[in-house]
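When the chains are written out, they are named A, B and C in that same order, and each has its own residue count from 1.
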Amino acid sequence: MKFSKLGVVAVIAVIGVYIRAIYFTPFDALQGPAQKILYVHAPSAWVGLYLAFGLVFITSVLYLWLKDPKLDRVASSSAEVGFVFTSVVLITGPLWAKPIWGAYWTWDARLTLTLFLWFIYAGYIILRGAIDDFEMRARFSAVLGILGALLVPFIHLSVYFFRTMHPMPVLLKPSAPSMPSDMVITLVSAFCALTLLYAWLLHERYLLATERDAALEGRS
Amino acid sequence: MLRAMTELSIQATDLVRNFGTRRAVNGVSLTLVAGDCLALFGPNGAGKTTLLRMLGGLLRPTSGSAAIEGIPLPGSADVRARVGLVSHQTMLYDALTARENVEFSARMYGVQDVRAAADEVLTRLGAASFADVRVRSLSRGMQQRVSVARAIVHSPSVLLADEPFTGLDAAGASALTGMLAALRDSGATIIIVTHNLDEALALCTAAAIMREGRFVRLDRAPIPAREEYTALYRELSVDAA
Amino acid sequence: MPPSTRVAPVHRRAPGFVGSTLAIARKDTLIELRSRSVILSALAFAVLAITIFFFAWDPTAVASIDLAPGVLWVIFTFSGLLGLHRSFGVEQPTRAMDALLAAPVDREAIYLGKLIANLAFVIVVQAISLPAVALLYNVPIGGYMWPLIGVVLLASVGLVAVGTLFSSMAVSTRLAELLLPLLALPFFVPVILPAAQATARLMNGRAVSEVSGYLSILAAFDVVFLVVCTLLYPYTLEQ
C-alpha cells in the first residue's frame, strides 16, 4: 500500500501520541493504568459519533439535493470509517468499565446512544450491500443517513431519563478540565492524531470507491 | 375537443437512461401523432421496457427529453393523467374484485363518477359478467381484460403496453388485439412492446426494432409484409446475441 | 375518422391530495379485511407472546404489574413489524406499485395513505392485545385507561411513520423483509423507551402529570418524523 503524505503524518502522529500516553503520561491516582484507555476511547468517540456521523448527515442532505455521486462516495466512506471508530469505542469502553465500574456494560445513556449509533451504521452498511443499482443505493443510504442523524437527539433524550453514570466528558466541562495538565496534553494530542487518522482513512476509502466505480464503468 | 389527426402525441428526442453504469436506452428519438400505433420489437435487454417506463413518467431520463401532447416528461400529474399503462404483470390487487380494482384506479385518476366509469369500461371489455369476482379466482385471460380496463378507465390518450400478450392463450390474445384495435380506432396513441409479431403487425401503423438501447429500424406504414419483417427481425436480433 | 369514434371527452382533473390519500388507505384496509392473513397472524403472535412471557418469568420474583408494560411493548413492536412487512408487499406480486406511480397522485399521498392503513392495523392489534394483557396478567387498567390510550396512540404514530418509510425501502432491496427490522428497530427505541416507561408509571398508579415528559418526547418524535419521512418518501421510489 502506498502511503500518501497525509497517511504518513497521521500514522506518525498516532504512534507518537500513544508512545507518550503509555510511557510518558502519569498513571491516574484513582484508576491506575485502566485510565489510559481514555486516550483511545474519547478521541474515537469524537471521530465516530460526531465527526463521521455529522459528515454522513451533511453529505446525505447534499446528495439528495445535488445528486452528485461524489457526495455519495464521501458519505459511504465516512460511514464505514465511522463504523470502525464507533466499534473501537464500544470495545474500549467495556474494557475500562470492568475494573472501574465492576461491569462490562450498563444501560447508561451514553452507552446506549453509542450502541444505537453503531446499529444505524451497521444498518447503513447492510442496506448498501443489498442494493445493486448505484443511483438507488445512493438515494436510499442518503435517506437513512438523514433519518439516523435526526434520531440522535431522540435517543439522547429518551435514554437521558435513566440516570447516567458515565463520566462527564473531561474536555467539555464548563469549568477547567479536572485533570493534570500532562494528561490533558496527551488527550488533546490524541484527539488531533485520531482526527488525522480519520481524515486519511476517509480519503483512502474515497479513492477506493472512485476507482471501483470507474472500474465498473469501464467493464460495461 | 377534437384534435387534428396530425397533432403530436408523443415526442422524444435523444432519450438516454443509465442504470448505474449500464446504459439501457442510448439515444432514442421518436415522434408519434394521435391515432398512431407503434409495435416495438427487440431482444431481451434491448431497453424497450425502460423506454416505455420513461414515456409513462415512471423513470427519469438520464438525458434527452420527451413530451406527451406537448407537456414535458417526467412531469406533473397532468401528463401522467393522459397515459395508461398495461403490462404482462396485471398490476391488480388479487384480494379485490375486478370492479374494486377498476374503481380504485378511476379514483387515482380523479374520474368523477367512479362507479359508472368502471361499469362502462368493464362492459366494453366483456368483463361485466365477472366484475364482482375477486381477481385471484379469475383466469389469466380474464385478469388481463381487467388489467386493460384498469388502464383505460380514465380514457387515456396514450396507452403504453409492455408485453401485454405474455401468458395469454390464443383466444385471450385475439381478444386483447380486438380491444387495442378499438382503442386505436378511437384515436388513442398506442405503443406495444411485444415478441408477438403476428398480433402486433396486424394492429400497428408503425414498427420499430430496438437493440442495445437504440432503434435499429423504424418502419412507418406500409410496414413490410409479415414474412419479410419476420426475416428482418430475426436477422437484426440474432446479430445481437 | 369520424369524430364520434374519438376518445370521449375526459375529465382530467388530478385527484385531490386528501381524496387520494384516503382512497389508498381504504384500498389497503379493504385488502387486509379480505385476506385477514396478516392481522390474524399478528393477533396469534400477540397471544403466544403473552403466554410465553408469562412462563418465562418467575411470578414469585417479578410482580405481574412490573412485567406487563414490557410484554405490552414487545408485542406492539413486533406485531407492528408484521403489519409493516405487508404494507408495500401487497403491491409486489403484480407490480401494482407501477400503476400507483403512473397515476397522477402525489407521492406523499401514497405514503400517507399507506401510513393511515398501517396505523389502523396497529391500533386493531393493540385494541385486542391491551385488554388481553390486562386480563391475563391481572392488571386493572380502568382507572387510567384514557392516558394509557394516549400513550399508545402517540407511540404508534411514531412507529408507523418510520416503519412505513423503511418498508418502502426494504421491498426494493435484495434482502426485502429481512432488512426492515434491521433498519426500523434502532428507530423504534426512542419511541418504545418513553412509551414503556410511561405505561409502567401509569400502571403503578402515578399521576398523569408524572408522565408528561415522556408524552412530549413522543409527540416531538411524531411531528419530526412524520414531516421528514413524508418529505423523504419520494426518494425511496424508482426515479
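Just so it is clear, a residue touches a chain if its C-beta (ideal position, glycine included) is under 8 Å from a C-beta of that chain, and two chains touch if they have at least 3 such contacts.
Given the structure is predicted, the values throughout are model-derived calculations rather than measurements.
In this assembly, the chain whose C-alpha centre lies farthest from chain C is B. The most central chain, judged by C-alpha centres against the centre of all protein C-alpha atoms, is C. Interface comparison, B-C versus A-C: the pair with the greater number of contacting C-beta pairs is B-C.
Centre to centre, using the average C-alpha position, chain A and chain B are separated by 51 Å. Centre to centre, using the average C-alpha position, chain B and chain C are separated by 36 Å. Per-chain CA centroids place chain A at a distance of 33 Å from chain C. Residue positions of chain C touching 2 or more other chains, listed in rising order: 238-239.
Looking at chain A, residues 132 sit in touch with two or more other chains. Listed in rising order, the residues of chain B touching chain C in the complex are 1-3, 5, 35, 53, 56-60, 74, 76-78, 80-83, 85, 87, 89-96, 100, 104-105, 107-112, 134, 150-151, 154-155, 157, 185-188.
Partner chain A is touched in their complex by these residues of chain B: 19-23.
Here chain C touches chain A in the complex through residues 162, 165, 169, 172-175, 179, 182-183, 185-187, 189-191, 193-194, 197, 213-214, 217, 220-221, 224-225, 228-229, 232, 235-236, 238-239, going by the rule given at the top. By the touch criterion given at the top, residues 1, 3, 5-16, 19-20, 23, 27, 30-31, 34-35, 90, 93-96, 98-106, 238-239 of chain C touch chain B in their complex. Taken together, the chain A residues at the contact with chain B in this complex read 132-135, 213, 216-217, 219-220.
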